[in-house]
Amino acid sequence: MRYRVGILGATGAVGQKFVEVLHDHPWFDITALVASERSAGKRYRDAVNWIGTSIIPPSVEDMIVQSVDDIPDCDIVFSGLVADVATEVEPRMAEAGLAVISNAKSFRMHPLVPLLIPEVNPEHVQLVRCQTWCGPLVTNPNCSTVGLVCALRPLHDAFGVEAVHVTTMQALSGAGYPGVSSLDSLANVVPFISGEEDKLASEPLKLLGRLGEGGIEPARMAISAHCNRVPVLEGHLECISVKLRTRADANAVREAFETFVSPVKSLGLPTEPEHLLHVMDKDHFPQPRRHVMLERGMGVAIGRIRPCEVLDVKFVVLVHNTLRGAAGGAVLNAELLHSKGLLSHRALSKAP
Amino acid sequence: MRYRVGILGATGAVGQKFVEVLHDHPWFDITALVASERSAGKRYRDAVNWIGTSIIPPSVEDMIVQSVDDIPDCDIVFSGLVADVATEVEPRMAEAGLAVISNAKSFRMHPLVPLLIPEVNPEHVQLVRCQTWCGPLVTNPNCSTVGLVCALRPLHDAFGVEAVHVTTMQALSGAGYPGVSSLDSLANVVPFISGEEDKLASEPLKLLGRLGEGGIEPARMAISAHCNRVPVLEGHLECISVKLRTRADANAVREAFETFVSPVKSLGLPTEPEHLLHVMDKDHFPQPRRHVMLERGMGVAIGRIRPCEVLDVKFVVLVHNTLRGAAGGAVLNAELLHSKGLLSHRALSKAP
Amino acid sequence: MRYRVGILGATGAVGQKFVEVLHDHPWFDITALVASERSAGKRYRDAVNWIGTSIIPPSVEDMIVQSVDDIPDCDIVFSGLVADVATEVEPRMAEAGLAVISNAKSFRMHPLVPLLIPEVNPEHVQLVRCQTWCGPLVTNPNCSTVGLVCALRPLHDAFGVEAVHVTTMQALSGAGYPGVSSLDSLANVVPFISGEEDKLASEPLKLLGRLGEGGIEPARMAISAHCNRVPVLEGHLECISVKLRTRADANAVREAFETFVSPVKSLGLPTEPEHLLHVMDKDHFPQPRRHVMLERGMGVAIGRIRPCEVLDVKFVVLVHNTLRGAAGGAVLNAELLHSKGLLSHRALSKAP
Amino acid sequence: MRYRVGILGATGAVGQKFVEVLHDHPWFDITALVASERSAGKRYRDAVNWIGTSIIPPSVEDMIVQSVDDIPDCDIVFSGLVADVATEVEPRMAEAGLAVISNAKSFRMHPLVPLLIPEVNPEHVQLVRCQTWCGPLVTNPNCSTVGLVCALRPLHDAFGVEAVHVTTMQALSGAGYPGVSSLDSLANVVPFISGEEDKLASEPLKLLGRLGEGGIEPARMAISAHCNRVPVLEGHLECISVKLRTRADANAVREAFETFVSPVKSLGLPTEPEHLLHVMDKDHFPQPRRHVMLERGMGVAIGRIRPCEVLDVKFVVLVHNTLRGAAGGAVLNAELLHSKGLLSHRALSKAP
């Protein structure tokens, strides 16, 4: 039996990405598109300013948008809400018994909410058993955190990561729509993204932390981030230097990447990439425009692995910020919940 | 009496920038435009594919291009030659008694050739007294080195710099013309620039080194560089983290920048900016497109000074790569040579 | 005696351009910066989000912004207001005795308001004598109209223009700030600009019309416009085909451009370019990025003059949309008013 | 039985697109990758600078590149050769009995060579019966011609087209690789593309012409083209105005587009789009970045259908220049040849 899913913030940039990712999903059926009161009651195609490069999937374009003030009649909601709305809405939805799979930052650092990347810390999903809402609530990390942590996971396992220095060059789509003005971005770089450096310094510690009796014990490492907005459409590029607890050279680091096996590989999650990490050999790779769709946007490309003169080893990471780093990652989280028996079907309401 | 100057590689991207900077210079008169045999004999306007946003200065557009195989009849030559040509031509010109002011990399690390930024290491110019060519030969650093070292100078003086981590986002003009293909750069980042990271790791050590009996003793510090090409026209942006020998916080670093006084300020060099370093307060500044022309392209903008979680302090630097970082810097070097009495007028040849 | 000038909408994109153009003007002193109630009372530098590539002129950065609800104490106001605000504010200012030099569209087609380009239709300025406001009110055309009409003027004089087909490729700055989203413009073209095609079809008829007893008799010609937004920062490029009443070939058209002499040349207006029209020979010229600053942004570049297979002759025009096409054009209009004795000094109010 | 196909110029930009389009084609197997002597003997992945956004298909990456001087052992060759090479190579290949499906311009206007768009002029394919080479040689039009002619076909059928005015905004990929310098294209428009306007003025006459006893009688209409290069990656946008022999308004034109049925629809050609023409309603559509992949890059989008003040009706067309306008169009031509019984299998040579 398939799950009925709703998309919260369905008219926004992340919400549209959820529509793209979910409209032909093998387990999930979009049964509710939820947005602000202003859009409620309209047909989706009239309410949305569709910014994607594909067309609006015909199966949803005539659906009537529902108000975020109501509880949609479904089993799962995927949340692309902005933080201040998510803070109020998501617990209300969970309380009503829906599974809430959120891309918002509101509950990422909440001690009882898993901050989840299935290939990185699948065991954290068990945290939901401690939650007191009727439905589970899980979150995925900030888009630039995802790329960083996917690369750090095998290094932390093999050598222990002591310090990380990361400079990001982030795509415009990460700022939503209309987001960055063209006059600020064309032929320019903005060396600042509000709140981003803090997320990069804190979220990886929870993701790489250990789930124990008292919750998640964060990993210990120093992370210094510098975040820039560059005129790229999709794909965050990150220049990363790491200091390792056990000394390792560039070859050992490379081997750790190449031999990494996803801990959830055997679960057969439909959205999981065949290989999470793709090591590239050419000096001028990876590039956002060329490689962002690797593994349908769910892979992480790594290149230029070499010694760092200040820390130990440095390399470049590319992650698709709105697929792997947002909507795709969230859907993968929902798939993990199902595979662990943590999703349930709510009784069907009587439709009006 | 004014100096007669020639421009080597006058049809290339750097050569054109020399024409722009020199055509109305108060001390220098362009009397020779020198290029490869292919261009020799043509009028400059016919030989050049002018890529600037201004027009070709009328005073030079009808000059006949001379061959680089000959010695031009002038006192000084500014070299925008590519490295492999410069390696042969520049010593030959110096041997013939011309002062050679080079932007090429060929002799930057030569023990008897000053690698010079007047505000940073003016005393190094004295190295030319040890040279055996008839005319002096001085060089300016790689464009991205210039921005880095201008920022490091006051920090090294005040606190001692122990380690530097720098990630650059470099403009397209740094690759010359035609340079980077539009298909590689539009809406993309290339995380590699051939040879650039090595220059950033080595040139600052000479620039911040001490001139002693046995030549220049390089500074000791570890420098790790990651260089990226971004779709920006002019202006290299650099995210820099430093580890200092004497502990200092962000405020102390900021004060060191703000109180920096150029050691050659009293010389009245026409191309020197009023202030070398400009500290900017807004989080999203400096930006290449907005601030690259600060001090007519000769200033260096610094922003986002804050603590670094891994080293000590981090900040952002912006430098105009083809003015401060190339043609403008070279002209300033020539001005310093003059002010130190190291330039001379050659006897006028009998023109053909 | 100099004029005291105010800028209406001083914090907006056009208002900022007025500040840039006027802050060192030989006749005009900025004495008032006027904006909405929200900005009133703040220092200009705190109220404005300065988007220019130069810095805020020090002479104005600490001025206190005044409310558009009040009448500023000055002789002239330059209006960069949006249309719906201008409709109410501009007549009120004129009624109060200020000369109103407007870039807004509100009164462009008003029968008693000159729509003015000094080199094109200077005699239209006399229309202000028929106005009933205390101060004169003049307007300049839409930015893309300016480029078109400057090219049509000599052709209409020499041959009579019967029909015009124009396709524009317009810069992002024409949409103001934040204006076009980077996600709509990077590596993209938007084949539509709201209201623009109508302005291009109607404004030229008034500009090229004749001032007679009963006002301005519009020129008769058919104009078909197609307007596109392209990822360019400054400079509208227009592909124009014309059908002429008196048959003329490309050479005759070229000669008409090259021999055009501004009818106001003798007035010595400070902002007028030395030559309005610049004919370029190279096939791939003019280009927005290379040639937009011709004559400090006040010239109009014309290239690719050749036969048209459908109409008679076709060519390309480039105009700086925020200088020649907006703030610079408006300042030139004010200079024309002065030279015609149509500006006066108001008595100084007692400042509060 | 499947056909063995070779790709001429396989390392170039068009050749790579052929590889992308053909590697999983239901009828064709790539058995030869052919390039210049310089690449011959290398593995494809070593010889090619792959510029696509997908990876090199694994099935071809290890194939050994063959020299264009030899005759490859296959049934069909797809030619992405540059014109001067194609002029010599293509007849030699046809003479050897291969079917030559060419994207080069060399033989497009040859009286015995079909210039072919299956949905536009499928009957022209019969011209190959008059050819004297052993194998047939067919060509597809210039990329910008394709978009124009697909739109003109239904209008010419319904109303007769008398005159066409077209202004193009063409993508960078049309210039090949490295093609346009980033310094010429970033934040710029180049109002010229060498040879392009002539092709747009001549090729449509052959395409819309009639195949009679004496060959193809060209259509009679005047076409005026202005071609611009804009900073877009894929997709040519064309602003088109038409004058019709039978008067028709915008609604009638729209209906002609919407009711157009491909004359080869019944043949079941695998690469043919479900609908060739897609009429879009939103004013700001179509856009290159958003709609270029319509029908997997084989559809043509039309928008903004409205009256033209100078001719009769105007509208905007978008075509994918390297798929519909090059490699995809060529493959569709080969499919048409097969369906008409004009392709044959050559005897297998004994491989060396």
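In this document, chain identifiers A, B, C and D correspond to the written order of the chains, with residue numbering beginning at 1 in each.
As a working rule, a contact is a pair of C-beta atoms (placed from the backbone, for glycine too) under 8 Å apart; a residue touches a chain by one contact, two chains touch by 3 or more.
Because the structure is predicted, anything quoted here is derived from the model rather than measured.
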item	value
Joint neighbours of subunit D and subunit B, given as chain labels	A, C
A-C or B-C - the one linked by more C-beta pairs in contact	A-C
Centroid spacing, where centroids are CA-atom means, of subunit C and subunit D in whole angstrom	43
Separation of mean Cα positions, subunit C and subunit B [Å, integer]	40
Centre distance in Å when subunit A and subunit C are each reduced to the mean of their C-alpha atoms	48
Touching two or more other chains - residues of subunit A	51, 184, 186-187, 231, 233, 289-290
Subunit A contact footprint on subunit C (complex, rising order)	51, 172-173, 177-187, 231, 233
Subunit D partner contacts - residues on subunit A that touch it in the complex	51-54, 186-187, 233, 289-293
Contact footprint of subunit B on subunit A as seen in their complex	163-165, 167, 169, 184, 186-192, 194, 201, 222-224, 226, 228, 230-233, 237, 239, 241, 243, 283-290, 303-304, 308-311, 314, 316
